[in-house]
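Got a structure for you, questions after.
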Amino acid sequence: MNNALNGKNTATILMHCPDQQGIVAKVTEFLTENNGNILYLEQHVNHEIGEFFMRIEWDLDKFAIPEDKIADYFDTLIAQRYGMTWNIYFSDQTPRMAIFVSKMSHCLFDILSRYQAGEWNVEIPMIISNHPDMEPVAKQFGIPYYIFPIDGTNKKEQEAEEIKLLKENNIDLIVLARYMQVLSEDFIRKFPNKVINIHHSFLPAFPGAKPYHSAHERGVKIIGATSHYVTADLDAGPIIEQDVVRISHTDSIKNLIRKGQDLEKIVLSRAVYAHLQRKVLAFRNRTVIFS
Amino acid sequence: MNNALNGKNTATILMHCPDQQGIVAKVTEFLTENNGNILYLEQHVNHEIGEFFMRIEWDLDKFAIPEDKIADYFDTLIAQRYGMTWNIYFSDQTPRMAIFVSKMSHCLFDILSRYQAGEWNVEIPMIISNHPDMEPVAKQFGIPYYIFPIDGTNKKEQEAEEIKLLKENNIDLIVLARYMQVLSEDFIRKFPNKVINIHHSFLPAFPGAKPYHSAHERGVKIIGATSHYVTADLDAGPIIEQDVVRISHTDSIKNLIRKGQDLEKIVLSRAVYAHLQRKVLAFRNRTVIFS
Amino acid sequence: MNNALNGKNTATILMHCPDQQGIVAKVTEFLTENNGNILYLEQHVNHEIGEFFMRIEWDLDKFAIPEDKIADYFDTLIAQRYGMTWNIYFSDQTPRMAIFVSKMSHCLFDILSRYQAGEWNVEIPMIISNHPDMEPVAKQFGIPYYIFPIDGTNKKEQEAEEIKLLKENNIDLIVLARYMQVLSEDFIRKFPNKVINIHHSFLPAFPGAKPYHSAHERGVKIIGATSHYVTADLDAGPIIEQDVVRISHTDSIKNLIRKGQDLEKIVLSRAVYAHLQRKVLAFRNRTVIFS
Amino acid sequence: MNNALNGKNTATILMHCPDQQGIVAKVTEFLTENNGNILYLEQHVNHEIGEFFMRIEWDLDKFAIPEDKIADYFDTLIAQRYGMTWNIYFSDQTPRMAIFVSKMSHCLFDILSRYQAGEWNVEIPMIISNHPDMEPVAKQFGIPYYIFPIDGTNKKEQEAEEIKLLKENNIDLIVLARYMQVLSEDFIRKFPNKVINIHHSFLPAFPGAKPYHSAHERGVKIIGATSHYVTADLDAGPIIEQDVVRISHTDSIKNLIRKGQDLEKIVLSRAVYAHLQRKVLAFRNRTVIFS
């Protein structure tokens, strides 16, 4: 659970580096010596590739190092020594998220109802769409809705406008809530591991368009949904979360779509929640999900 | 549950035909008029392709038509009229099943322990392998074990020997319990919808060799196993049963294999059981599974 | 899928009676003789108690018997003969549903977003609550919201008012979307098998209050949610749908509640959908769910 | 995966104590200072009760402290300081396990087939039963089978004999593979958190006898199995593993038993494997399961 909501001000570091002796001891020492009460520590060593991963969250209340100097100290005293790739997050800095949507409402409703209920520690200052259909939903929840229609000729220009808007609003995370447009490589490169998509199949089965039709045609007995970070390769980015539901020969394609939509919204929301909790670390097209 | 085991002698018809008015009425009339007490009736219409499917099982005790004439009567009076494709099975004729295995024991043990416990209504007169490794297991359970080593040159001849042996023993069903040899098209054509395989992935994801390695590389969060009838297209036949298990970044390839083997044996055994219960009807590379 | 939405006008009968020879033949004959094209037929015999169950849905387009006389004809010609308990539903008569809610929004949002998206064939003319908290959500979706505060003294009177309002609005179905008040026996008796509740545990484990706390205390590895028809016995009515999610020792009670709420809303919505599709038949405190 | 099998000699400590600053740093320092290469470290803080849990496994190859002195050093230098409850396990000391069974073979076969395949790092020197039925299975796998019939009068004496036999054979773990006799409190007290049972329901639902009959009677839509450490309270000990399978109104009690048996054997084997891997830590009637 989010500690900011519990009234505690915390810092979280996600890190990885080549596995070496003594990393955990060194990092925990650094925090406890400076009166940082460790709330959560989870580490994982991938012995196959010799890589060390850690998530550590600590209470800032009595921490001796001021918030704005922690990154500098940690980098100098710890990260450089071990060759770490790392990020720090503070619970008092609320992430800012944009939702991209096309014409279907189920994922959008699911996210906005959680947002309104205060379930997530996030700000959602905008919804972006290539269609006007979801504007009434945006209005219901009081969120600005921007329409950027995309056709065969204007994608580059429209994406430039979208990026401008996203940057002006300091967006940290983009959630594609069944956004049925492929983002360009240029766009994606500007938001590395910051664009979360939901694909309506159990990837890598049935990538691309109309996966429920393909699943029906193939006669599978289980269908799935997959949430992943978007990379330049379509439907091939690091997987954050997947889930499945059992189907049978009695299910028409319409039924697959209906059952699948329930999966899609839950799987996407779980992935977004894990990301917002700073529990997802992407590495070499896979993810470590801290618990 | 198997009615033969319950002391009842029953007949089961699996049928399909183009959907038409009045089929159910006609078939049930035929049975009840002749004092056939219907125990199970399940029908399904695939409205997308306009095909009707039915499984009907009835008590033969007071049935007016002798067992050896039922097929003839049913064909003349019902099946031809509706253009049915159909099969009849009698609970007093125990299916005969051969197991093909290579070097891994988990599926073999699972099948043989059910067999010994009397869980299935089946005879298993033989185990066939391309390796000697599983011979001790066959001996433990008192089942003849035949070794047909396959190399780059002798496949055709060895398969001919296998087919001869299978035919001599009136084998109705072949179960590939992690048999790591691709059967030739000629072989498969001789046993249409009578060869059940277990593939160690959630098909159509990761067909072919080393699916656990591919799943690990892709970073999926769920792995699966798929049991299907074998057709000429590798890992592409009609799916009978699938199941999945959740994994995480902490699972090494060895762990995926370990967790996957539990899936494999259960999924294969469920598929074999459904087939033996005459609850599987394959049609156009998909299956109808009656409940 | 709902046939009314597909433009077809259909009738559906749910029936059960002591198992006898020839029921299916008789019913299907009755329909086909009168030009009723059968779209779905599913029957089940519970051999343990000797009871026959059936759901049959047919196209009314060319059906020879006028809609308002079908019930009478069916009763006289079929139902009385077999001692059936039965109900008929017409796809052109949209069910009317009231939602009862207290202070939590997750189930309410899930239902209302499906309603707004046109996912279900239902009218929702009112939301009833014992608290004002959810009024803003009702307003967002444009649905009248009635508040009936319940205290230790006024339950009888308030329920009388609620029943009056429900009856005036011809409500067919009441959905308790985490309504935290026990309805009186008198109330329930007026809506037999017409009140659907969601209980936040895998019943019969953890009935009553605070099931997540109990689940946490007991150290279970899986939590669940259960949707059931409400009867006079608390949390003991016929179960319509259940589902579960895996948890671990790392999950705090807050996490159980968070994960459980996703289950609750999906399980409740699945149960309501099945009921609206006329696929649920309650009998002796259990349900038959047609597929 | 077991490191002994990988040729590495390792030590594993499972520990818990009141949560305090600096424990992880202190423990990892102790190991790395003495050239103990940490292979796996997993820690968990239960903030609700303020208890710290850790599993740490390290390579003994270059470890400076001799194997027979590690416990003493660790206790003096670390454990006493933090008030730890702890245990140490060495990968070169293979656990010794006894199986208790009555008349059903499915769990027994599952365990023995894994044992024969070398899946687990364990010795199984004996099977104990109150019935002769499973003796042939024991013989098939070459394991001594001891029969201790229990009636209303001899339980105390028979248990005394069993305990004698278990102690003489240095049994570390007792697995009740559907052993249908309640062990006395005296017996259980002699093997604290060393007796693993499989109960054929999703506990705490349906404790005691005939849970499948109760599940069928209650009309649940999902059944389960639960593996737990045995305590004096029947079916109420710390849960190690649970799993479930979906059922429907079409499933007779016989079908519930058949489907449930697959669950039982897999859930029990998962629990035993986790225990043998030293990944289970029981505390206050719950378990921490390290990954």
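Going by the order they are written in, the chains are A, B, C and D; count residues from 1 in each one.
Heads up, the rule we're going with is that a contact is a pair of C-beta atoms (placed from the backbone, for glycine too) under 8 Å apart; a residue touches a chain by one contact, two chains touch by 3 or more.
For clarity, every value in this text was computed on a predicted model and none was experimentally measured.
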item: Far-end chain from subunit D, centres as C-alpha averages; value: C
item: Self-contact between copies subunit C and subunit D, residue sets same or different by half; value: same
item: Mean-CA-position distance for subunit C and subunit A (Å); value: 36
item: Between subunit D and subunit C, distance of the C-alpha-averaged centres to the nearest whole Å; value: 42
item: Residues of subunit B touching at least two other chains; value: 47, 248, 250, 252, 291
item: Interface residues, subunit A side, partner subunit D - complex; value: 21-22, 24-25, 28-29, 32, 37-43, 45, 47, 246
item: Interfacial residue positions of subunit A with respect to subunit B in the complex; value: 44, 46-48, 53, 202-206, 218-222, 224, 238-244, 248-250, 252-253, 285-289
item: List of subunit A residues in touch with subunit C within their complex; value: 1, 105-106, 109-110, 113, 116-117, 119, 137, 140-141, 248, 250, 252, 254-255, 258, 262, 266, 269-270, 291
